């Protein structure tokens, strides 16, 4: 059976030592969705149609959150992200946030990708909360992550 | 049909002016769940049984996130939270984070309660990611919010 | 002759005590401009025409900066901003950032309005720096500030 | 004609991927000036004469701002600055802030040098705002930037 | 026997609800000392004599830390500080940092005063660490705290 | 006689340029103690016995502080910490916080280890301040630091 990497034998939390790992190109993609009422979706579509700010504000918030991940999550390492991308798109029943984060480092960037998705969706929630009383955020998950050796 | 409070007629984003509202006691409760594999749940249960740190770390991260909400979400106001509570509990298929935030102010604290839940669950994700490759975060939503006049 | 409010008789820096002032509605408006080459302006105009993100990203950065002012400027007080607005507009030789910040408090919000303008213009600089090697930021100044008694 | 590095073909903002670049020694120097009234300059000169804190506080704020640049400017990368220097000097009509920032990294430090200058000048503004009602910040620009291969 | 205000009956940590308290003028004073070798003290005295930056940098860091206290200490409330003062003075065997913080609020500012003293002394440590291998920080404590009704 | 690394010949503060140093594995250990009354110790022991949160909250705060060091201390460099560990243990007259921080970098991590200890102890202070009016923090000091070549 597996073992928590952040938890020692006495059950105490711990920051994992990544100092012995070789720096690699790390990439992670995550996603999540906010479920919206039809009326809200219509408003967002109208805003998207006239290229308003709703999705852009959420995307910027997501990128900023990726950079703040180690401040948000206590046992996360500080990283130097080389790329963060957040794309929000309207779907049938809500808005999906797809994120991708890359770094060159000794530990992966999945928490950065997941934080970016979470905060982008919370930002959409914030902008829609005056018109939609039934929003919920669903399906925040990792899509994939890779590590590639440096040339 | 409703109208976005943060978006003007040209579709541009905007911080709402709350300066004319009367300060009231604002309270909001939110929740969310991270779905975990049986093996992961067993590890968390063992950790909880010996009163290890897993749930506590997530709760602390959630409280800290409530205080950082205006930094995370671009159009949120800065607030002086008078109380933030995050409780994580193991359920059949995962861990639920229940949050409650209070302030005395001119705008509500639902984004604070939702941010607290999101970050608490991301923190559990972080601690379990070495043992569980199928986690996802579901059902982040507001439970209720109230405003009460100051005496 | 005047006297620095933040500097004592020995020349030492000091945070002013605002505790004895009565809370009032404080408002300040500031502005600033980034001078751009014709080619850069054309690119921004094209982006603005198709309602791209350039000006929006700068506006969001400016709003966020208004909220961070007390962290940026050592002797500034923490404030609860009730409204922050940043509008970027293309002019003949560059982009102007106009800002407005409001709070209810014991000290003014001019530094918040000025920080918002500065960071909005720096953000435009960042986005244009691959195409324009002669940018400069000019004329960051206060337009006006007011204080009004609470009703 | 050039192309914005941060903006894609649809006009959407984007963090540039710097992961394929080779780390180099990056250095940038920037400058800016705050225009002050004669009386204000006299007060600053007196403070400087008795080696008071005015210029030092601004310099410290500038150094701190260099380290916060990626938090202020949405599409900036996080960097590990190896050196940040901010020097404020009184000139005929105001105070000039000269900055220099170095890092070893995959992207330049010009935004860090420019942010340091901007925040140093805003800090002087803050300290002088009780005595000078006509301040403005001018000429924030890059002086030069270099990249040198690592030995 | 007393009871921890932040800890519930099950031993779990908790942010205290201060929402029912009446806002009062809160003030706290704290102190602490860093013990230095004779040679280091001599260098600081020389720097102080020519009104160099050592003590000023520490004082500014302390003021900034007072404003960051709720971000540093998980169960602290966010506050609007109306005044923060940090004075460092050379004594026989080291440097003493005396701090004073005021706010109008529902909870005291002793943690802010203590954080300011701690960070001011850490900043002196940082500046002296190349010359002194035996520094230690001692006696960080509250001197007094008061609450006064608003008029 | 030694010389301050952060202070130039005119007594001005300066961030040291670490760009020419070769990255090495840096490790530092620090410690500090908070002196508590017998009654407080008893409450902490009871909390520790039932594995309550008191010591865990302090440890998490310390780890977070290690990551924030360059934001707290003006002339500290930003670093990528590979490991941060904070252990709090009850002793005869108080609680000791032992910390260890590692990074791969061009400058040491002693300030990070000392900041972690300081903030962990301040966090204990915060949680005990309702029951103990005589706390003081003592003996914050470096235990050792090492640098090792990368393989």
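We call the chains A, B, C, D, E and F, going by the order they appear; numbering starts again at 1 in every chain.
Quick note on the criterion: contacts are C-beta pairs under 8 Å (C-beta built on N, C-alpha and C of every residue); 3 or more make two chains touch, one makes a residue touch a chain.
Chain labels with UniProt names: A, B, C, D, E, F = Cyclic pyranopterin monophosphate synthase MoaC.
Bear in mind the structure is a predicted one, so any value in this text is a computation, not a measurement.
Listing every chain that touches chain A and chain D alike gives C, F.
As for how the two copies chain C and chain D face one another, over half of their interface residue numbers coincide.
By number of C-beta pairs in contact, E-F leads when C-E and E-F are compared. Here the spacing of chain B and chain C, counted between their Cα centres, is 30 Å. Between the Cα centres of chain A and chain E there is a gap of 36 Å. Chain contacts: chain E has residues 11-13, 50-53, 56-57, 60-61, 64, 68, 71, 74-75, 78-80 touching two or more partner chains.
All chain pairs that count as touching, in label order, are A-B, A-C, A-D, A-F, B-C, B-E, B-F, C-D, C-E, D-E, D-F, E-F. Those residues of chain D whose C-beta lies close enough to touch chain F in the complex are 25, 51, 56, 59-60, 63-64, 67-68, 78-85, 102-104. Across the complex, chain E is touched by residues 50-53, 56-57, 60-61, 64 of chain D. Chain contact summary for the complex, chain C toward chain D: residues 1-7, 10-13, 32, 39-40, 42-43, 46-47, 50-54, 56-57, 60-61, 64-65, 68, 71-76, 110-111, 114-115, 118-119, 122-123, 125-132, 135-142.
Residue ranges of chain E in contact with chain B, taken from their complex: 11-19, 70-71, 74-75, 77-80, 105-106.
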